[in-house]
Each structure stands twice: as structure tokens, then as C-alpha cells.
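Two complexes come next, and they have one chain in common, chain A, joined by chain B in the first and chain C in the second.
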Partner chain A sequence: MRLRYSPLVMTLYLLFLLVPIYWLVNMSLKTNTEITSSFSLYPRDLTLRNYVVILTDPSWYMGYVNSIIYVTMNVVISLTVALPAAYAFSRYSFMGDKHLFFWLLTNRMAPPAVFALPFFQLYSSVGLFDTHIAVALAHCLFNVPLAVWILEGFMRGVPKEIDETAYIDGYSFPRFFVKIFMPLIASGIGVAAFFCFMFSWVELLLSRTLTSVNAKPIAATMTRTVSASGMDWGVLAAAGVLTIVPGALVIYFVRNYIAKGFALGRV
Partner chain B sequence: MALELDEVGRAVKGQVHIQPTTLTLDKGTMNVLLGPTLSGKTSLMRLMAGLDAPTTGRIRWHGQDVTGQRVQDRKVAMVYQQFINYPAMSVYDNIASPMRLMGKPRAEIDRAVRETAEMLKLTPMLARKPLELSGGQQQRCALARALVKGAGLVLLDEPLANLDYKLREELRAEIPKIFEASGAIFVYATTEPEEALLLGGRTATLWQGRVTQFGPTTEVYRRPADATTARVFSDPPMNFLPCDKAGGRITFADGAVLPAAGPLADLADGPYTAGFRANHLHLHAASPSAMGFDCTLGVTEITGSETFLHITHGPDRWVALVHGIHDLTDGAQVRLWLDPAHIYLFTPKGQLAAPAAYAMAA
Partner chain C sequence: MDKVQNNKAWFLVLPVLVVVAFSAVLPLMTVVNYATNDTFGNNQFFWAGLEWFEEMVTSSRLHDALGRQILFSGIILAIEVPLGIYIALNMPKKGAWASLCLVLMALPLLIPFNVVGTIWQIFGRVDIGLLGRTLAALGVDYNYTNDPVDAWATVVVMDVWHWTSLVALLCYAGLQSIPQAYYQAARIDQASRWAVFRYIELPKMKGVLLIAVLLRFMDSFMIYTEPFVVTGGGPGNATTFLSIDLVKMAVGQFDLGPAAAFSLMYFLVILLVSWVFYTVMTSLDRQEGR
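On to the complex of A and B.
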């Protein structure tokens, strides 16, 4: 019976996947001495000191605040721009629409490193360097095309006759869009927001290049923390655990629509 | 008080969708647009609604030019073939939405919604979402939304095409009743001649973007102005056979000869095309004057109590609809009988030369 082994294989696989996360949580609950001096599968000397450090020291917790601010700004801007654009792509045909639509996606094909230099120079010269909006705008370069693609897929699934019926009933365009149309693609908006969040939250290169102190993201804080007394392993691990939490929370809310989102709404 | 189309036409990228059309739809009438798929029924309706702008001509509503007016400002309602409702709203809110947009008082809206829902048997479903309803109920919800608005022009674009047979019959019987009460101009598009006849009112037949005839439904059916109208307004399409009139006799392509009597007697000599409907061909001579045609049977379709015979007669392909079940082998030779009273004569250009005698009598 091969079937008998499959739960075992599955469990082993899941354990394997969870090893790094377990090790991170494990480390975050240990003291530095225990981390560096011995090998232990679980914290012998359980401590929450590492978390206390992060939640009381502004240079740590402001990293989270900064990240959340620019990620939120980015999601809002991306969706505000992408909704009308996606509507236009899904409802109207105009000269070069197909090329333009494809060109949008090609924006995602260049590595962010390519844009780090122009962004840095541009933002420095216009005084946007080290602001939240700078990072949010930079991430739009990647997130707006993605959001347009995802939303267009969802919008295409809504029959055009609904638009027309609404106009006949007397809805003006803005009112129709907000009251009738947006509820119909609510899951699409959720998925697009999630993908924007995900990219912006994990992106390190641009956010680190474009900030120094005031808008420094948590990911940058984590990778720069080597103090005079050496690495503070425990605190870093705790920061890592706390960085996973927002993503896990957000993914929980859109878990049923993720697959459609990965297919850019085209299922 | 009417909707007037004055030489209204529409072309998209050089392709003519609607040829210049002049129609006057009077207040309180049921108007059927009859034509096969792609004949321009929906295009014409979208022009009437104002969803598309005509490339030529003017549209007048109660004498006022409304060409190019925003669809929101027109007093129209439309129901599509697909069941179009607002899925995120309850049935109640769906029906209420056009009235809310007009800024009517809450009590009036409530009364109108409940009245319309009652009429369309939607009262128990008011709290539900449209997608939780059956197809027939969804379409009734769309009809209710169109009715409650009190629009002067109600456009129904094949509203029953996506429903099953039973529901279709049920709703088809209800629609004229509902319509009578509202006093609006109704326009009803359909592909089925039978549906046009059941709805009554007036019918405009469409063929390739052109209105071929407009008049009282039974009149158009009995006296089609040309062969195209006759073909559109017959299901299965009308059968045709070339013939010649000379010296008081009509000679058909296969040699059959018919003395020109009744309305045929006054026709000028020359070539004509004879037309007759599928249900007028019989397997047995129904009257002594019936003419027999030798045909080759192609395919037989049996639909319960009737049989469709797809036949070839010389170069012509015909369809006969005969009563009863006839188990005939494909490829067999059959003799089909036609009463001369059922023959329409068309000129070579397709204009009606003489209507069938039975149609004159009716």
C-alpha cells in the first residue's frame, strides 16, 4: 500500500518547510549566550527580552511603522491608479491598446536594481529622498502594472451589459463605478491589494536605497544591525518573527482568491 | 406621443450595421422586431435606447430631438437576453435602484417595488440576491426593474431566449398583460416568428440591417411585402419555386400547370417566384385542386407530434412540416401536395405580386 506512506511523506515535507521558521522562533526566544555557545532544539532558558527590546526601542519599532506607512501608501496609490486603467482596458478598444497592455507587464521584467540609481538621483534632486512617499512611488513602478493586469482580468468577467443597464437606470459613471461595479470585483481588488502589499513589503533594494533615517524600513534595519558588541542574534530573530506576522495576516484574508490572482484574474 | 426614427442608420468602421430606417412607434403599442441572428435587432434597439449614436438620421421622442442625448437622461428601460441584475444588491434594492436615482420619496418607492414584485411573483424573493434565484426569477427581477421606472420606452432584447420552454411560455403570456397596464411603448426583439404572432401588436421584420416591413403583426404575416419578409416571418423559412405566367396559366419549373384563378388572374404575364410555407405542404391531397410535387427526401426530423421533412425539389431545397409521425427512409421519393390557395407570388425582384388566397380571406 503506497497510500499508507503518503501522510508520512506529507508530514515530513511540511516539517522540512517549517524548519527555518521554527529555528527563527526558537532563536528569538533564546538568550544570545545560548544561541552562540550551544546547540539546542528548544530554548532552555526561555526569554522574551528580545521582543521587549524591539517594542521599546524606537530605532527598532519605527522600522515597522515606516514600512507599514509606505506599503499602505503604495497600495492605495496603486489601486487608485489601476482601477480606472483596468476599466479602460477591459471596456474600450483604442489604438495600440493591446501593445500598451503588454508593455505594462514588461515593466515587471527588469530587476529593481536597474531602477535604484535613477530613482536615487531623481529623488535626491527633488528633495524626496528619505520620505515614505518616495518608496511608495518607486514601488508603483512595479505594482501598478501588476494591479492593472489582475483587475483587468476580474473586470472582464463582468458583462458589459451591467454597465449599460446601470446607465439606462440613470447611474452616472462615478456612481455606477463605486456602487455597482466595485462590489462586483471586490475579490479582485482584494487580491490586487494583496499582491501590491506583498511586493512592497518584501522589497528591500529600492526601499533601502531611497531611505536613510526617517523612512528606514524594517528590512533595512534588520540587515544593518551589527553593533559594537557583535551581532545581537536574539533580537534579530525576534524582528524576523514580527516581520512575518503582517504578511501572514493579510494572506489569511485573501486565501480563497490567491490562485485567481496568480493567474492574473484569468481563470 | 411616439418614438420616431427618421432615416436612422449606423455604420461601424465602414460596415453598415443598420441601413437608414424610418419607423414611428406609437404610444401604448407592442412592437416586435423580428429577424434572424445578426439581422440588426440589437443594434436597432441600442440606437433607440441611446446606447449607440446613429451615424445618420435623427431620433425624436414626443417630437423632441433626442439624438445624441445621454442615455441617463432618456426615459428608457431595457432588459437583455442575459439575466442582467446588480449581483451585489438584494432583489428589493435592484428593483428600487432606478427610482432611488430619480430621487422619489421612500414611501413611494416602497409601494411601487412591492406592487411590481407582486405582479411578477417576486415577493418571497425580495430579500435575496439575484444570483440565488432561478433563471426565470432573475429575468423577472430584470423585468421588474425595467417596469418600476415608469419609462416611456421599454426595450426587451430577446428576454426569453435563455429560459427553458416552460418558463418562456409562462412569461410570454404575462408580458403583454403587464405591458397593457403600463401604457409605455414596448419594443420586443425575437428570432421566432411564432413569438411575434403570440405577442401581436405590430411587427418590423429585419434582414441584414434593413427593416423590410413594418405593420400589424398578422398583416405582415399574411401579406409579406416581399420574399425576404416572407422568409424571415416563416419558421421554417418559406419554400420558393420559380414559375411563369402566360395565357391565363401558371407553369412551374417542374412542368406543373395551374390555371390562374382568383387574385392571380389579373397578374401580367412574365416570370414569378412562387412561395409557400412549410406547414402547407401535405403528404396527401387535401383538396381536389391540390398540386403534387415529386421530391427527394433528405432528412426526417420527428418532434413528438409533427415531422419535418427536409427535401429537394429539382435545384430547390424545401422544408415541409407535416402532422403526425412519418417514418420515411432518407433518400426516398415522396409526393407532396400543395393547395394553390396557399401560394404567394413574388416578382423576380422579390416584391409581392399576389398574396395567397387564404390570406386574403382571413
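On to the complex of A and C.
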């Protein structure tokens, strides 16, 4: 039996979600004169100038490159350390495991604002200020706990008999883990990677505090559009659209795990 | 699942411990240090005891920010949770249309926080934004940069736009786990739509709903970037929430002591809520017999 549901509600809600995004795309395809002087629901004078500005000016596109570099580093670090830890949490009980698991959660929940200043001083004092690795490590604060929790959620779904059989067959732990176990939770690793990527990609406060020039993320570059001659709305909108693209590209593949990922693997 | 007692598992956890200790414990110790010391500059610090904490606990600035923060979190929870449930109930259950809905609904969740701010900044402006223009055309006096009420409305609607999908997706996941037999039994009993919701769907959604409420509470409690981009905490201090105030204090004015004391108290609240969250999670796990 299917309970009646009204497509109208869904349509209205999706409209509410999409109209502001449409407006951003609309803006990005207009010239600045058109944005400020006239008002239209679609670009009358379609232009790609705004995108050209971003893709040809190094100070703009380097923002994307920087973001991608530190996000990738962060995903690699997070997954590398989280995989064995999640396995330990899902398979063994050991001294202090519950406290440790809880402590990880508190870091996922910690407000970045609390850490902004100490991070700045910590990374400045070890000479890592304005490097990609600094931002990548800083984002580990919430991404490592996130990855551990998500991976643990997936790993506990794998029956323990598989481990035992593999050991009886003479597999060593590292070989078993890479050859047998990781393929079994491949979707979990994918989801964890996606969420690490996403949370590192959307975060601005820490990445802005820890960088000035060389590792400046795109999100911080976007504040540049305020200049003496007023706002460059078109370029700002185009930069915004380009930050949405990576998420929009991969979301289709993880669509069934979005709830699970946000709920830290607990749904 | 029965777990094997094995303290050697610590070796597997060690890398996580090192990384998180470096990025969480060390900075937190710096904060503790600042919170209990005062300085006249030149990196010369002297013990100040609980002075900063006393100052912060009695500071009206902090009280105001906390009041605004609680009001904000309350409002967005009151809107997003019922709306999220309602949307989840109306989502198609399978097929291509369901996939499309999932993808489109998840879209706002994946937009960088500052771009969410930018979207609403552009969307709401009276001169170039669709929302601002439309409201002006309807004769509503709307300007989020001048009017505190409008600024609040914009920030709240923005958060609803940004995060309602999360509540909806979590509830949807909970609804998907209800066996068809339950609905069939309800139909035989000629249960009303409300009764089905109240006695079948709501109890089954209880777990995910708790997770959703806690996640939304935590994330709204530390919201920074989105309102900062749209209103900059203004007009005046009207939308200065805890995190915005904290960053202003620590990075803007460099009042390290008060900011650190503030941070620690902020962190304790987070710790408390995390503990509730953790308790809920583990009891849910036990119910499912895992």
C-alpha cells in the first residue's frame, strides 16, 4: 500500500530550494551593467565573461587549485588514519574505547570559531602558516572523527566470520585488510571520502584564518570582489557557481547514503 | 555484535589519536592558557586565575549574544523539524523521480557556507535580488541591511533553505525502514492518516529524528559563515551570534583572555550536548541489538 502523498508539496519545496540557486546562475551569466541597471528573470545579454575572468586570472583560479590541494590532502590523511581506527572500534573492545569514541565526537561538534585563534598561533609557530598542509591538518579536527564514525557504521555491518575465515586461511592482518576487508566496505570508504571532501570544501573560517596568499582557498578569494569601483556581482556569482559544481557532480553517486553520512553512519 | 577484548587494538587507534591530539588538544591547551593569564604585551603573561571567567559570565555582551543564539537555534528547530517531517512524508518512495528529489534536495547541503551566504545576499538585495525586488513590488518594506527584523527573517529563511533537507533526508531514511505490513495492518484497522503518522511513522522515526534535532542544534549553535556573509552580524549587533562574537573578540579585537574564557565555556556546552547525542546513539544501537 502506498499512502497518498501530494507531488504539489514536493514541487513547491524543490522550487524553494532551486530558485535562489537559479538566481545565482542567472547573475553569473549577466554583465555587470545588466545586473545593476535592469532587472530580468533571465540573462538578456548572455555572456561568459565572468567565467572567463575566473579561468584566466591566476589569482582567481589558483583559489580553486589551493582548495582542491588541501581538500585532497585532508581526505587522504583522514581516511588513512581513520580506516584502522574504525576497524578497531568495530571489532575490539579495549581499554577506554568508549571514552575515546565519545571524545572523537566532541571534536566533530567543536565550533571552528573556538579553534581559529589557537590554530593560527600553533601553525605560525611551527612555520606552517599559509601552507596547504596546515589547512589540511586543521580540517582533520572534524574530518577524522567524522570518517571514523562513518566507517565504523559501515564496518559493523560486515559479519565478523569473514575476518575469522580469512585468518584461518592464513591471511596476515594488513593483507586481509587491504585485499578482503576494504573491498567489502568500498561504498563506506566512498561515502566517508565524499563527506570529508565536502566538509573540508565548505569550511571557510579555519581555511581563511590559516592562509594569506599561497594557500588561499577560493572561498576567501571571493571576498575580493568588493573593490573601489563597487561590487563585481557577475564574477562573484560565477565563482559561487563554480564552487557548487564539484559537489553537484558526485552527489548522484552517493544519493542513497546522504542521510547515513550526515548522521555519522548511524541511520 | 560481541566484541573481542584486545588492548592491542590501541595500536590501530594510535594514528587517529596523534592527528586529533595535534589538531584538538594542543590548541585547546593554548586556549586554557590564555583563559587564565593576563598580559601587558611583549609576551609576558601573569596568572589571572578565574578573572576572565568572572568577567565573561557577567558580561552583558555575552548574555545578549547567547540570547540571540538560543532564540535563533529555537526558531530554526521549530521550523525545520516539522517542515522536514512533512517533506519526508511527501517524498516519493521509489523510481527516477525519487532519485531526482534526493539529488536536488541534497544540493543546498553541499554548497560552501560562504556561497550560501552569497546566494542569499544576492537573492535578497532590494536592487538586484529576486526576493528583494518581489517583496518591494508587493509593497513590503524589506531591507535586510538596515532593518533588524528583516535581517533576522533573511538569516532564518536562509538556514531553513540550507538545512531542512537534512532533517527531511534523515526522516526519509527512517520511513524507508518501515515494513509494508505495518501499513497494511493500519489499513485493515481503518486507521486515519493521523493515526498512521502518530502510532506507526513517528515512533519509527524517533531515532533519526533525535539525531536530526541534535545535529541541527549543534550546527546552528556554532553557525558563523552564513550570517556573517549576509549581514556581517548587523545591523548593529542584531544578528551577532556566539561564534561571530567570539571571532570578533579573538581575531578582531585580540582580547585573548576574555575570548579564551568564552571559548572554554562555549566548548563545555558543546561537550554536554555531545554527551546527550552519544547517549542517544548508543541506546539506539542497543535497541537494534547491535
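One rule holds in what follows: the second predicted complex is superposed on the first by the 257 of 267 C-alpha atoms of A that agree within 3 Å, B and C clash if a C-alpha of one lies under 4 Å from a C-alpha of the other, contacts with A are read in each partner's own complex, and residues count from 1 in each chain.
Quick note on the criterion: contacts are C-beta pairs under 8 Å (C-beta built on N, C-alpha and C of every residue); 3 or more make two chains touch, one makes a residue touch a chain.
Predicted, not measured: the structure shown is a model, and the values here were computed from it.
In the superposed model, A:204 makes contact with chain C only, not with chain B. Look at A:251: by the touch rule set out above, it reaches chain C but stays clear of chain B. Using the contact criterion defined above for the overlaid structures, shared-chain residue A:16 touches chain C, although it does not reach chain B. Applying the stated contact rule after C-alpha superposition, one finds that A:219 touches chain C and leaves chain B untouched. When the two structures are aligned on the shared chain, A:170 is found in touch with chain B, with no touch to chain C. Once the two structures are overlaid, the count of chain A residues touched is higher for C than for its counterpart among chain B and chain C.
Across the complex, chain A meets chain C through its residues 1-3, 5-7, 9-10, 13-14, 16-21, 23-24, 27, 35-36, 39, 41, 77, 80-82, 84-85, 87-95, 97, 100-102, 104-107, 109-122, 137-138, 140-141, 144-145, 148, 156, 160, 198, 201-205, 209, 219, 222, 233, 236-237, 240, 243-244, 247-248, 251-252, 255-256, 258-260, 262-264, 266-267. The touching residues of chain A, counted against chain B in their complex, run 159, 161-162, 164-172, 180, 183-184, 186. Interface residues of chain C facing chain A in the complex, by the touch rule stated above, are 1, 3-10, 12-13, 15-20, 22-24, 26-28, 30-31, 86-87, 89-93, 99, 101-115, 118-120, 122-123, 127-131, 133, 161, 164-166, 169-170, 172-174, 180, 183-184, 187, 193, 196, 208, 211-212, 215, 218, 221-222, 224-225, 242-244, 246-247, 250-251, 256, 259, 263, 266-267, 270-271, 273-275, 277-278, 281, 284-285, 290.
Those residues of chain B that touch chain A in the shared complex are 49, 51, 71-72, 74, 76-78, 80, 82, 84, 86-89, 97-98, 101-102, 142, 145, 149.
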